[in-house]
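Below: one structure in structure tokens.
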Amino acid sequence: MYKMKPCGGLAMPDPEMPVRVLVLNASLKHAPDISNTGELSELVLEHMHAMHPNVVSEVVRLADVRLPVGLGFRESADDQWPEIVPRLKAADIVLFATPIWWGGRSSLMQRVIERMDSLDEEYIASGRSALYNKVAGVVITGSEDGALSTLGTIMMVLTFLGFTMPPECAAYWIGEVGQPTSKDREKRLVNEATKHMAMNLARNTLYYALLLKERPLMPAMVPAHG
Amino acid sequence: MYKMKPCGGLAMPDPEMPVRVLVLNASLKHAPDISNTGELSELVLEHMHAMHPNVVSEVVRLADVRLPVGLGFRESADDQWPEIVPRLKAADIVLFATPIWWGGRSSLMQRVIERMDSLDEEYIASGRSALYNKVAGVVITGSEDGALSTLGTIMMVLTFLGFTMPPECAAYWIGEVGQPTSKDREKRLVNEATKHMAMNLARNTLYYALLLKERPLMPAMVPAHG
Amino acid sequence: MYKMKPCGGLAMPDPEMPVRVLVLNASLKHAPDISNTGELSELVLEHMHAMHPNVVSEVVRLADVRLPVGLGFRESADDQWPEIVPRLKAADIVLFATPIWWGGRSSLMQRVIERMDSLDEEYIASGRSALYNKVAGVVITGSEDGALSTLGTIMMVLTFLGFTMPPECAAYWIGEVGQPTSKDREKRLVNEATKHMAMNLARNTLYYALLLKERPLMPAMVPAHG
Amino acid sequence: MYKMKPCGGLAMPDPEMPVRVLVLNASLKHAPDISNTGELSELVLEHMHAMHPNVVSEVVRLADVRLPVGLGFRESADDQWPEIVPRLKAADIVLFATPIWWGGRSSLMQRVIERMDSLDEEYIASGRSALYNKVAGVVITGSEDGALSTLGTIMMVLTFLGFTMPPECAAYWIGEVGQPTSKDREKRLVNEATKHMAMNLARNTLYYALLLKERPLMPAMVPAHG
């Protein structure tokens, strides 16, 4: 179980260095409905802006984007995945934000993971991952249960795609089983553990993103030894 | 997410038929400490006794049993697994009861699953599963998060070992993230959803156990067709 | 790990009784492309037809059905979920068939699970699950890894929705890590373990479906005791 | 699914800097039996030694260590957990190496995770994680299925405990379903994907460990803002 941790500030490696943050919000609700997942992501972004003067952030609400089923780079004439890929490539930090439905990531988050397959193919073909030296964070909300499991299943994908995951790379809220969902938001907004997670997530993803911009891992395109 | 369901009574197939229930309690706490998992299992047993006059139940507290690591039937001279196997074979219903530690079944429940490997080997050798026509239920408690994931990972094992799983075959309690664990028991004891799950779990496992005692699935030891 | 089990025939409870089987194929490929998941489901159906003279089966290929995101019964004017619900309700056996993408059920299977939420709401409102006394089976294919985990996460949802799961309620194929996916089909077609699983899945779901049609679990709409 | 990636060499941040690596091998087999998990871990260590002249490594075979059940720092007079903790604290890289049993980490790996709870308590009490600035890698072997799921459930714990996870932080081998386990080792030894994963795991954990030794994340013990 997650136990609440202290939150300490941090001297960031380089306060001048710009950092681009992309949030992929996989809520099943369409804009402008309030999404728990969206609000918690916004809290993380607020901390980032407060901690570093040069953060540029963007949120993509996946429920309002056309992402047809398939594994190609472009699956139909009106497929919007090709518009998301350059944003992914430009980002230094990507927050994967999803609600929980029956213990798992939403169908929209799963769709994004399926569509990222084209980036994995590109990595194989080019020998270099477009996602290396990017830092991932995860934001999860659910009425009850499933955050840690959902987190693990996302982290496992992200490591093989090339993302770096700092300590405490997630923020989530889940409630007690069997409670009225109408109170979820209210409880989440005052949950101290969730607030601490949001702050540590912001701090640690920022620190690692700045560090990797300065000192990127750049494998040579030759065999490692022999 | 689990949503609370109504609880209705049931006319049991045969009120005279005896039913044996075995609870494997994988709490990390030793007796006589109160175990949340143990108490919730007791609630399920109480419902069973109230619903059917001829229930015989037994609880094994795994923290107080010597179960050395390994995959054999007997792993050491003082290995107590060989004492558990006949109880498993005699049971009509087995309740797998586990706390959650970091989103998964406890090391004691995992040890039981590893040790059941010898029953799986016996199934392959003899062509008949000793666990067919037995009904499984799952009881889970945790301070927060992980019940559904833990449930799924247990069900997946149990189906291949030969157990039958009725509808609503689980009862669990988990709380909101970040709360003091000292209040877990108090909250669990008044949680209506957990109470309903316990009642439906008792009712449905009993019904299926009685039905299967009357009408067991008995595969012939010949090829199915051709 | 799954170890291959013997396959024995079975005297079915009532050879005259009709049984309706619905396959929900969540392959990401569109018809008429060959889907590994689809082919393995067809093998299960073939066994069912061979084992019981009165099986009526239907396959829904989800990649070719419009299932918009959301939790309502009808999410848009052209939403096809309302056409699937009556088939679900009419079925005695439902096979949930999915490929694995990065260790999890496909986005189409996740979408179906999200959309079944409206049936769960109906259960709460009416006090009776439309899915009680239905038997579920699971069919999974993937190039490598993830079958057991995907299976568990589906079983966990299905038990709370009201489905019954017989022993060995799944059939799957997964290959060794790092092999060319072009050989998957060829390997699957000769895999003895997968063939045995398909036969046992067909046999056991049929047996339980026939048994439950004869002896359904019908909770009274009154409190269980007191 | 994992797809094989190119392996490139890397100029390490500081070839003089010593790096301590601890392997926790959770194989169910006792020494001196050959453990698949152990052998794959050794391969990772070999790459580390080849890539960096100043690696000091140690392997703990958990099946031969006394780790009683419980959550305290010392659970019995002969408890050996207190001997493992200082090695964990001294390590720069920790490889969590586990076989898969029925889709999950072994009971020995689960036991280690439970026992690490005392470090989490220490983090809360002291305000500083003893595991920050340490890098984690995961090594998994199984006859078939479960590597990605097991990986995710370990990563999820490790991030909250304070570990850093670099890209491609895992190496695993799993085979096709239903094959004789006697051939597992032979297949693993020639599997190119597994070899590539082992090399990338060695390279990336080393790079991040060296980077973090030079530029550790050191949160101040004051509120982050305001």
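A, B, C and D label the chains in the order they appear, each numbered from 1.
The criterion applied here is as follows: a contact is a pair of C-beta atoms (placed from the backbone, for glycine too) under 8 Å apart; a residue touches a chain by one contact, two chains touch by 3 or more.
Note that the structure is a prediction, hence the values are computed from the model and not measured.
Asks: Using the touch definition from the top, what's the fewest steps needed to get from chain A to chain C?
Replies: Step count on the best path from chain A to chain C: 1.
Asks: Could you compare the number of C-beta pairs in contact for A-D with that for B-D and name the larger?
Replies: A-D
Asks: Using CA atom averages as chain centres, what separation in Å is found between chain A and chain B?
Replies: 37
Asks: With chain centres defined as C-alpha means, what is the inter-centre distance between chain A and chain D in Å?
Replies: The answer is 24 Å.
Asks: From the C-alpha centre of chain B to that of chain D, how far is it in Å?
Replies: Using C-alpha averages as centres, the distance is 32 Å.
Asks: Residues touching two or more other chains, restricted to chain A: which are they?
Replies: Only 2-4, 101-103, 148-149, 152-153, 156 qualify.
Asks: Have a look at which chains touch which and call the overall pattern line, ring, star, complete or other.
Replies: Per interface graph, the chains form a complete graph.
Asks: Could you pull out which chain B residues touch chain C in their complex?
Replies: Per the stated touch rule, the residues are 2-11, 13, 47, 50-51, 120-121, 123-124, 127-129, 131-132, 148-149, 151-156, 159-170, 199, 203-204, 207-208, 211, 215, 217-225.
Asks: Help me check something: in the complex, which residues belonging to chain A touch chain C?
Replies: 28, 63, 69-71, 101-108, 110-111, 113-114, 117, 153, 156-157
Asks: Looking at the complex, which residues from chain D come into contact with chain C?
Replies: So the residues of chain D in touch with chain C come to 1-4, 100-103, 142-149, 152, 172-179, 181, 187, 191-194, 196.
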